[in-house]
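Before I ask anything, here is the structure I am working with.
Letters are used for the chains, namely A, B, C, D, E and F, taken in the order the chains are written, and counting of residues starts over at 1 for each.
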Amino acid sequence: MQSTPQPALTSLIKGQMFEGLLLVRSAEQRTASNGSKYLDITLGDKSGEFNGKMWDGTVAAPKTGEVVKVRALLQEYTGRPPLRVDKLRTVPRDEVDLTLFVPCAPRSGEEMLSEIKERAEQIRDEELKNVVKYRLEESGDAILYYPAASKLHHAERSGLLHHTSTMLKMAEYVCELYPALDKDLLAAGVILHDLDKLREIKADDMGVASEYTVEGMLLGHLVQGAVDLGRVCDKLGVRDELRIMLSHMLISHHDLPEYGSPKPPMFPEAEALHIIDLLDARMYEMDLALKAAAPGGFTEKIWSLDQRRLYRREKPEKTEE
Amino acid sequence: MQSTPQPALTSLIKGQMFEGLLLVRSAEQRTASNGSKYLDITLGDKSGEFNGKMWDGTVAAPKTGEVVKVRALLQEYTGRPPLRVDKLRTVPRDEVDLTLFVPCAPRSGEEMLSEIKERAEQIRDEELKNVVKYRLEESGDAILYYPAASKLHHAERSGLLHHTSTMLKMAEYVCELYPALDKDLLAAGVILHDLDKLREIKADDMGVASEYTVEGMLLGHLVQGAVDLGRVCDKLGVRDELRIMLSHMLISHHDLPEYGSPKPPMFPEAEALHIIDLLDARMYEMDLALKAAAPGGFTEKIWSLDQRRLYRREKPEKTEE
Amino acid sequence: MQSTPQPALTSLIKGQMFEGLLLVRSAEQRTASNGSKYLDITLGDKSGEFNGKMWDGTVAAPKTGEVVKVRALLQEYTGRPPLRVDKLRTVPRDEVDLTLFVPCAPRSGEEMLSEIKERAEQIRDEELKNVVKYRLEESGDAILYYPAASKLHHAERSGLLHHTSTMLKMAEYVCELYPALDKDLLAAGVILHDLDKLREIKADDMGVASEYTVEGMLLGHLVQGAVDLGRVCDKLGVRDELRIMLSHMLISHHDLPEYGSPKPPMFPEAEALHIIDLLDARMYEMDLALKAAAPGGFTEKIWSLDQRRLYRREKPEKTEE
Amino acid sequence: MQSTPQPALTSLIKGQMFEGLLLVRSAEQRTASNGSKYLDITLGDKSGEFNGKMWDGTVAAPKTGEVVKVRALLQEYTGRPPLRVDKLRTVPRDEVDLTLFVPCAPRSGEEMLSEIKERAEQIRDEELKNVVKYRLEESGDAILYYPAASKLHHAERSGLLHHTSTMLKMAEYVCELYPALDKDLLAAGVILHDLDKLREIKADDMGVASEYTVEGMLLGHLVQGAVDLGRVCDKLGVRDELRIMLSHMLISHHDLPEYGSPKPPMFPEAEALHIIDLLDARMYEMDLALKAAAPGGFTEKIWSLDQRRLYRREKPEKTEE
Amino acid sequence: MQSTPQPALTSLIKGQMFEGLLLVRSAEQRTASNGSKYLDITLGDKSGEFNGKMWDGTVAAPKTGEVVKVRALLQEYTGRPPLRVDKLRTVPRDEVDLTLFVPCAPRSGEEMLSEIKERAEQIRDEELKNVVKYRLEESGDAILYYPAASKLHHAERSGLLHHTSTMLKMAEYVCELYPALDKDLLAAGVILHDLDKLREIKADDMGVASEYTVEGMLLGHLVQGAVDLGRVCDKLGVRDELRIMLSHMLISHHDLPEYGSPKPPMFPEAEALHIIDLLDARMYEMDLALKAAAPGGFTEKIWSLDQRRLYRREKPEKTEE
Amino acid sequence: MQSTPQPALTSLIKGQMFEGLLLVRSAEQRTASNGSKYLDITLGDKSGEFNGKMWDGTVAAPKTGEVVKVRALLQEYTGRPPLRVDKLRTVPRDEVDLTLFVPCAPRSGEEMLSEIKERAEQIRDEELKNVVKYRLEESGDAILYYPAASKLHHAERSGLLHHTSTMLKMAEYVCELYPALDKDLLAAGVILHDLDKLREIKADDMGVASEYTVEGMLLGHLVQGAVDLGRVCDKLGVRDELRIMLSHMLISHHDLPEYGSPKPPMFPEAEALHIIDLLDARMYEMDLALKAAAPGGFTEKIWSLDQRRLYRREKPEKTEE
């Protein structure tokens, strides 16, 4: 992982030289009117992107989505592309701190996924365990980097696992306080509840969601989740009541019909799933929104919170000890 | 089929003798305090039911749901069960006009089902045809007598087929007027849209729905319909877009989230399905409700019509020709 | 009728000569600073409009709304009006295909109106027939070209008749399937239900609605429709029940109070009228909206459909035969 | 007018003799099994009613709705009709204080109506004045005793005039404070706004509303009010803008679509009319409801106030001076 | 504490002798027509209550709300009060297991209150700590037995403390998972949020709420809570921002205006308070409601859960280990 | 007061000289690159504002918010600040007609406040009188110029007093018509109901509201009003019922929860307060909105009136006499 901080691309001033890592947004070898070959390339980081040229016909155009180490000048005169790229080499993605380019979950996808699978392993009811493991298995690798949304909460690389693993911890706490709850059923519900966001939204391996899939628009992850769960339960011979209850948890976790749930939660584990989901989404969104407000001031109206404006307190959010 | 009309059970006056067909609601051989054996039996028709005794220890108790030919007296004195049954023999159900006992669709289930299957056979897209036929096949015989609801519209024997076949005809008309519609897709949607009412409500073979199933309460026929459809599409290898569109038609046919649809209709065939369904339900319910109103007067408030009261016109509903 | 297709005005490239029919948006004879007389004219087709000059002091300015046959050049240099008109002569409107200039109903207003009047003639109840015929008569000629709306469904030349005549056919089908309905009453409701759109919106004889009238804003076509109907019923001595039922059909045809109906439909013909109206509006709007979407993609959010986005299927909407 | 108070009928104890005025609910001459003729009569006051017999074959049965002076005994033994009527004679209604029998407006209908007509006479705009006077004239005598509702506010004899005349005074005050308002237009709106309650509800000449008319149910007094106003405006040749504005005031005076207004108030006089109407209705209903609450306690939930419960203060509503 | 179980009062059969503890609902010394003195007494437990007589003029009538040790016979003949009390002596309430008479929180009020005060003591911000302690102090002893509601969740003796202390634990968990939250602020919000239920509802020292207070009806515990908090903040000189934020948490903890919150939660601690409150209420209500359902069946519609019916799973709620 | 009208600043044409009063928006002494000192100043009136320079190093910069008498030229060439100020002297604000700069109430704040205090003095109940007077006293001088809102109704200098004093007059009228109302209680409610707008919005002494305070956003003037009232009632020893009723009037005066009232009005004076408030707000907003519409035309959609468009009648709003 890279340790020295690099300047934000859009904070450069004209005439300044930049050295650091950038993400390739697009790149193509072209030929100028004088016959010279050059690389037409757009590079970016989390702060924005610039178009540029590299006058070196020997460099192969890197692929969109690759990370490159770059030495480039932000040029002074208008009428030219802003960047003059002098050096450029591809860097393997796993040597790179991706938070330079996109918002990322605070822990790695691998770590979170393994934790989740471990929890699945501890489920005592064999049928329930099998379903959860099967669904996790068939989700493949995309889950490692998928966001939980295109906007709203957990729109970040590995956001789906971030959301799931936080909820899983909260679920343990909730079951401790309310021991009548079946903790395995609730954990299973948490793990499965958003799994079909993998089918609902399109996202690249940076965890950036671009749009909804046709399936996502016409069916949504609640119903498609129930369909996939039904298929797996059939395959594994899961008993009826368990299949129905799990499916119900999936379709009811948005609570109200106007938020997409055709049925409201009708037993305590379904209700708890909904509330834990709500809590995690709200804490994430509020935290994020408040970053854009001045201390002692208010955010703009937030659409996903019914147009609420949030207050950011004057003193540090945490009392010092 | 029986042709001579028999009096309604509850229209009898005390002392009157009844001869005709009745439905066995319950029946048991018992022994009186004086050692005599008798049949304790409850018999009914569409108008209501009476308890009675038959003093004949040799007659085996018929089963609940059987139809019996009966000769019985409505007794004059209180303190006794109202009926004194003198003769009783079981009648095969297919020799009986079931409209004596329950509301029935105007045509036989067999006739309607065969018509529906014929329409399915004409679907030109092979994948679509296969799905529809498979789903009809696996629904089994219960569809022949199932009602479409426990209360509300088409709560009658074979009501599910009645509702479906009427909508099928309307769908043909609609496609004639709006030729941009895919008439096979719409027909398929009509046939499939309520099929999982078979799993949603419990009904006996008289077509009387007693209550919702657990599956019906926790998932409902829209979501369970999509699950079953997904399973069959997987099995038959139906292409993605077709599977998604058909599933969407199922889950969107109630239109609004508050009526149970997690998605509103998002293409014309889905919208048409919803409107045809609405039309058939409303025409049925209004027709039924108006029977209880006096000409020139109003019905009570009708719950399923948002508490509307309906007006029954003074003159015959139809102008004479 | 003109048969050879002409290029869309806004698809011309600079320097290109245009020959064809254009609609006069405005025109005026002026005198240049050098004393030359010229025609300052704005001309358009369905694709848009351009301003231009015609340097010929002898040509009388045509009237706004006239159709002219034009020979004109799209000029290359900025700083001048885009069009240099060389030739121009007025063309009688009935020799012109108006679809060049505005969306038009698929059939002529005259044809549709005569069909509707024919249906009115078949009404068996004399009082009902008289009312319908009287209301049609007093509506005059504007009905031949009036649209049914300024935006939304049937915002096209003769859209009001298009909407009415399609609904009339659907009404026949509906009455066939639900014979308890009084088919004459329903047909009368269809013919009358939107008639006061003639008083609600202002439209020119191209069928383009510009805005609402004061009457349209403060009363609306439902209430004004009931007022006009009341007046005619008084005049013709229509019996009370018929007047009340017809008036009710008019004011209830939007169904819900939030869509402007002070009463919901309270008998089957009123309900059927509402549903047929809904079906025709939805089919029209969806068809239109989908034209702007790519196959396999979605439309933008559609305001009149509660912000739904519609899906346009990948393959042709119709399965080939 | 009668001056000495008579006991409430239902406050009598068995064996007590009653003398006073009662309203005939029903009466019929019958013949007993022993051949004696008697009058079978039901008599009541505001507190309730009793059935009774009068053993005098010579007395003609009074008509339902007549007021009679009665001498009668409340009998002690069960198994007999409660009242034994000894004397009975009809009393002309105008000699009677009707508040003994029904809730009545605090002033006579004649007085209120003449006041209202006087106000109409002062309208300066001739067309407006004519419309108001014509509509008042054609309403006939029923307006003198009509209630404003069957339940809710001003369900009392002459309640319609009571409501109207109170609003008329408030309208004067409002126009004084907000002089931009056209006080004649507002007064006209007040006088006309509920006039078609005469066609909406059925009431006897005691001012007791029994039910809605067919017209009331299917059209309502807002729309029927606009229809009647339209007819009169046509007849009197009222200019368009005035007709439209007045009609708008009628249909918008319930403000929200869910309360029956197809349009919200769209100019200040229409808004003022709605608010004055609201104020008068609320003050009346609250006053009435609080009578049933104990000081320091709450009423039951009140349906017409969205299930609010009202508080009745402990000390007299008015501070003593 | 009493250890041997006593039979439920309403499970006795006629002729059976009862020995055990009962709660005095009412008691009075009376004199029979023959001059004998007797105690007219109504006694009850959680299952119900019976009226009875004790023929012993020497026993002083115990007070309503006292617990008595009783020996009594459930008498066989009708026409007498059901209970014949033979022996009776008052038992000090702290020697009694109150769960015999009313639903009780699982822990004693004293234990929970001391835990809550301990938490308050750990608040690091002095001003915040002082406010919380002051408000707890001035609440007095009633908090020890007060329920949290008259119906709904935590309608049990010491329910207010039960609700508060459970939420307090959940708040710790939540702050652990979401460390950006100010855990002292959230804990303070939890302790204060329902404190004015003490002023909102009337409850006896059995923790049974009878009705709302005038203050509770007209202001409610949210607004009155803010008023009381404002008063204490003034007195203790709490800084503005803290006062405003704490007050906001009180008035926003019902989230939506239709549930009584004039403002929605506008910072994360306020949102967390609302969600923790919701979770605790829902878990309590669902748990309670499910006790009345059969395994594999559904509860009735539950008003406080928007008419949802809950499912009770067939197998024990907890998987055995 | 200034009597001759001065031209609106933004109506000047280039090269024109302006003499009159302007409001200082900002002003600063600066030094040009050639060493000359000049005043950089922005000046405005109700129509808008211009930046300018005054080349006179000896003039001290006036303060923002001061009114100055100015002689200035609107310069012809671009590239310079629009205004060249030649003379400038500060004018005491009380010599100035503030309506030049901001919308103002039609009467002076002092006059209205003294009228309100006079009314308070006439309250017969001593406790009530004391509370009202105390609250008015502690509100200080800001009330003299405060607006009642930042947008919407009475967004004008002294708008709060304008709104209050108009309502006070209406309250007298209402109590005259509905004598069961306690006129002192209603007057007190009127005076107090919006008093905490002083804490809810930030406004300068021109009566221009810039934004909400933190207190205004998180608590609002309804709740903060109840808090302040509670404090004063405590201090003055007001009896419980009176305190509760007054507080209730404050928190219920927006009527519906969605408009911020945690409780609906629950006694007649609270209801009357709400309706009077509604009437005054609506009359003000409609009057203002209609100024922007052409006679015979409609306003734009008005957000605060649920997107209504208002009609401005063709003829003068008032019939001439």
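Just so we're on the same page, contacts are C-beta pairs under 8 Å (C-beta built on N, C-alpha and C of every residue); 3 or more make two chains touch, one makes a residue touch a chain.
As the structure is a computational prediction, the values presented were derived from the model and not from experiment.
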| item | value |
| --- | --- |
| Intersection of contact partners for subunit A and subunit F | C, E |
| Separation of subunit B from subunit C, taking each centre as the mean of its C-alpha atoms, in whole Å | 44 |
| Centre-to-centre distance between subunit E and subunit B (centres being mean Cα positions), rounded to whole Å | 48 |
| Subunit A: positions in contact with at least two other chains | 214, 217-218, 241, 245, 248, 266, 296, 309, 311 |
| Chain contact topology (line, ring, star, complete or other) | other |
| Contact pairs between chains, per stated definition | A-B, A-C, A-E, A-F, B-C, B-D, B-E, C-D, C-F, D-E, D-F, E-F |
| Residue ranges of subunit A in contact with subunit B within the complex | 214-215, 217-220, 222-223, 226-228, 230-231, 234, 240-241, 244-245, 247-248, 251, 257-258, 260-263, 266 |
| Subunit D to subunit E touching residues, read off their complex | 296, 298, 309, 311 |
| Contact footprint of subunit F on subunit C as seen in their complex | 214, 217-218 |
| Residue ranges of subunit E in contact with subunit A within the complex | 124-125, 166, 169-170, 173-174, 177-182, 184, 241, 245, 248, 264-268, 271-272, 275, 278-279, 282-283, 286-287, 290, 296, 305-306, 308-315, 317-319, 321 |
